[in-house]
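This is the structure I want to talk about, given as structure tokens.
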């Protein structure tokens, strides 16, 4: 383990070009996918948590079920759809960062939706009644409701980002772990593990965790500031 | 202000059925009755946050209503900003804050407030602006005795200042005795008996009303 | 630090003595840093920092029964592509010109020389040998155009893990302006990628599956060659086991005898068990009367010594090291594993 730690450190300070490329691709993929998931999932989750309609439970159960979708299944689905023989083959998206982002968005958006719905559902009626009782308009009420969600939005973002950066099934399936192009931290770890280079795998794992830690610290600091 | 008759049904169970009611300006109407008798449901429908059964049509009030729900929501901002949410005169806010002992925590984060403090903040918030009908659903149930007394004073003053009709839901019969001009007794979703306070609270016509008053009267003096 | 270094060197020395020191894979620390790939660099650097030494050694190699032939196949643009439900699909794009250029280069003098030399520098031993009578390309290689620049090469993990392509492709790319995207997966998925229209050529080592691929019409004969299957490299799987070699396979005449002895005396053996090329080869080496196949039922009676790991080569090597078991592996993975002192 100490060897792995030293290797990790040496890799970082040597500025290894391949490692830097892997880090950039990882950051690009996971930050984009988690932000898109947030942009789609937060309004949907809040909407599900605030409105009442027949069949709403179907949506919620669906979102909660999709939360448990194995990454490799999301990847496989995208692989089939975007293969040369698939319906979207002409778009030539397979083995690009774009398709990795799409697969991850599919994977993590349900998580964002379900999380926000769970948070908003029990407070939305109370907020509505209080605001209505004070004569506040719809738009004002909506802004107040969003403001209440700042804290869970940050926590949910971290959850989404963590799932994105930790998963390997989807990105390896649609990305193909192509060196210099779609190889991310997790797929690189898999490659090194299969190759028998366990030390290097653990070293990359340590860097991945450090990266995760940095993002967590940054987001948590923002969360504390904005939700004070 | 005239409230039309309506019913409220959940599934097959009718939880509320009321006749047409008129609330006169400057009077305090107190709603009493056991748990689940329909008091809060009546308050919510009258306030317009809950729709009665469809056949009654949507309830649209002909005057300004201010309503404080049983669980008034403390928004994630300072106590002061919560109070000023619907606007109003800052000097009035200042005075109400002082009288309900909120001055020390005026700028504090809402999450650090106790239940009693939250309830006081909520009452000040709803009392910030005039209205035709003020609906308060158990505003003092989370407060200590002293705060409850001050609150009662503030409610009376509000009525005197703006000449509003006040609808107050309470469990506290002594509070009803202190504030009520008229009393509405709810029982199993029906407006069972109503009338002037001195008559209904001291000489109820119906046996069930009498038993309720005796029971709760002996518990809370 | 000083102490552990000398300790490690002496351990490496002992290992050399024990193995008869045919090659010297246990002395990677003597190599200068090669920052080509991250795999190469730490392999050289971390070795002295580790305290463990690999006990597993190569016991049997260069046996004809363990030969492993590598083949290039260009994907036929007129392939009978079908979607997931088996319906025919038209107009699947295949970069035939790019695939042709890359195959031509692999089979040119330059490509072959580089392939045959690969491994000398890092392990002091070639990992691939040129096949006698391999097809030759002597013409001009077409440089890339905007349409043909991106080549999708699908290969197996073991080929990719060996580092061969990482060493060869940059030469081809910088000379002719192509960009080769290498996807690696298990043999099955690597071939499936081509069938799904996601590869322009494949580089595999599984004869039976290659022949099916050709029969199904997914490959075609490139101009200047006379067959779809362009086999040009080979190497050997190696039989590894504990240094003590309790079965004594090192001195046996044939690998078949070695496998028979291991089975008869129930020495622990780690099988990949994952349908990979290595697994397929291993299955062909057991005495027929044992009836060991890829099916779990077939080795249900042998679980006291036959361990089906269902894992990658690296993970299986670690398992073999821990259990003092015998194992069939490709040489490149084993040498990397050994260079990393089993970590």
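Which chain is which? They are A, B and C, in the order written, and residues in each are numbered from 1.
The working rule: a contact is a pair of C-beta atoms (placed from the backbone, for glycine too) under 8 Å apart; a residue touches a chain by one contact, two chains touch by 3 or more.
The shown structure was predicted, so the numbers you read here are calculated from the model rather than taken from an experiment.
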Of A-B and A-C, pair with higher C-beta contact tally: A-C
Closest chain to the centre of mass proxy, which here is the mean CA position: A
Distance from the mean Cα position of chain C to that of chain B, given in whole angstrom: 79
For chain A paired with chain C, centre-to-centre distance based on mean C-alpha positions, whole Å: 35
Centre-of-Cα separation between chain B and chain A, whole angstrom: 46
Interfacial residue positions of chain C with respect to chain A in the complex: 35, 37-39, 41-43, 45-46, 49-50, 81-84, 89, 91-94, 152, 157, 160-161, 166, 181-184, 195-198, 312-315, 317-318, 333-334, 336-337, 340, 342-343
In the complex, chain B residues that touch chain A: 44, 47-49, 64-69, 71-73, 75-77, 85-86, 109, 122, 125-126, 129, 135
Contact set on chain A toward chain C in their complex: 2-4, 6-7, 10-11, 14, 16, 18-19, 79-80, 83-87, 89-90, 92, 94-95, 176-179, 181, 191-200, 202-203
Complex contacts: residues of chain A adjacent to chain B: 123, 126-136, 144, 147-148, 150-151, 227-228
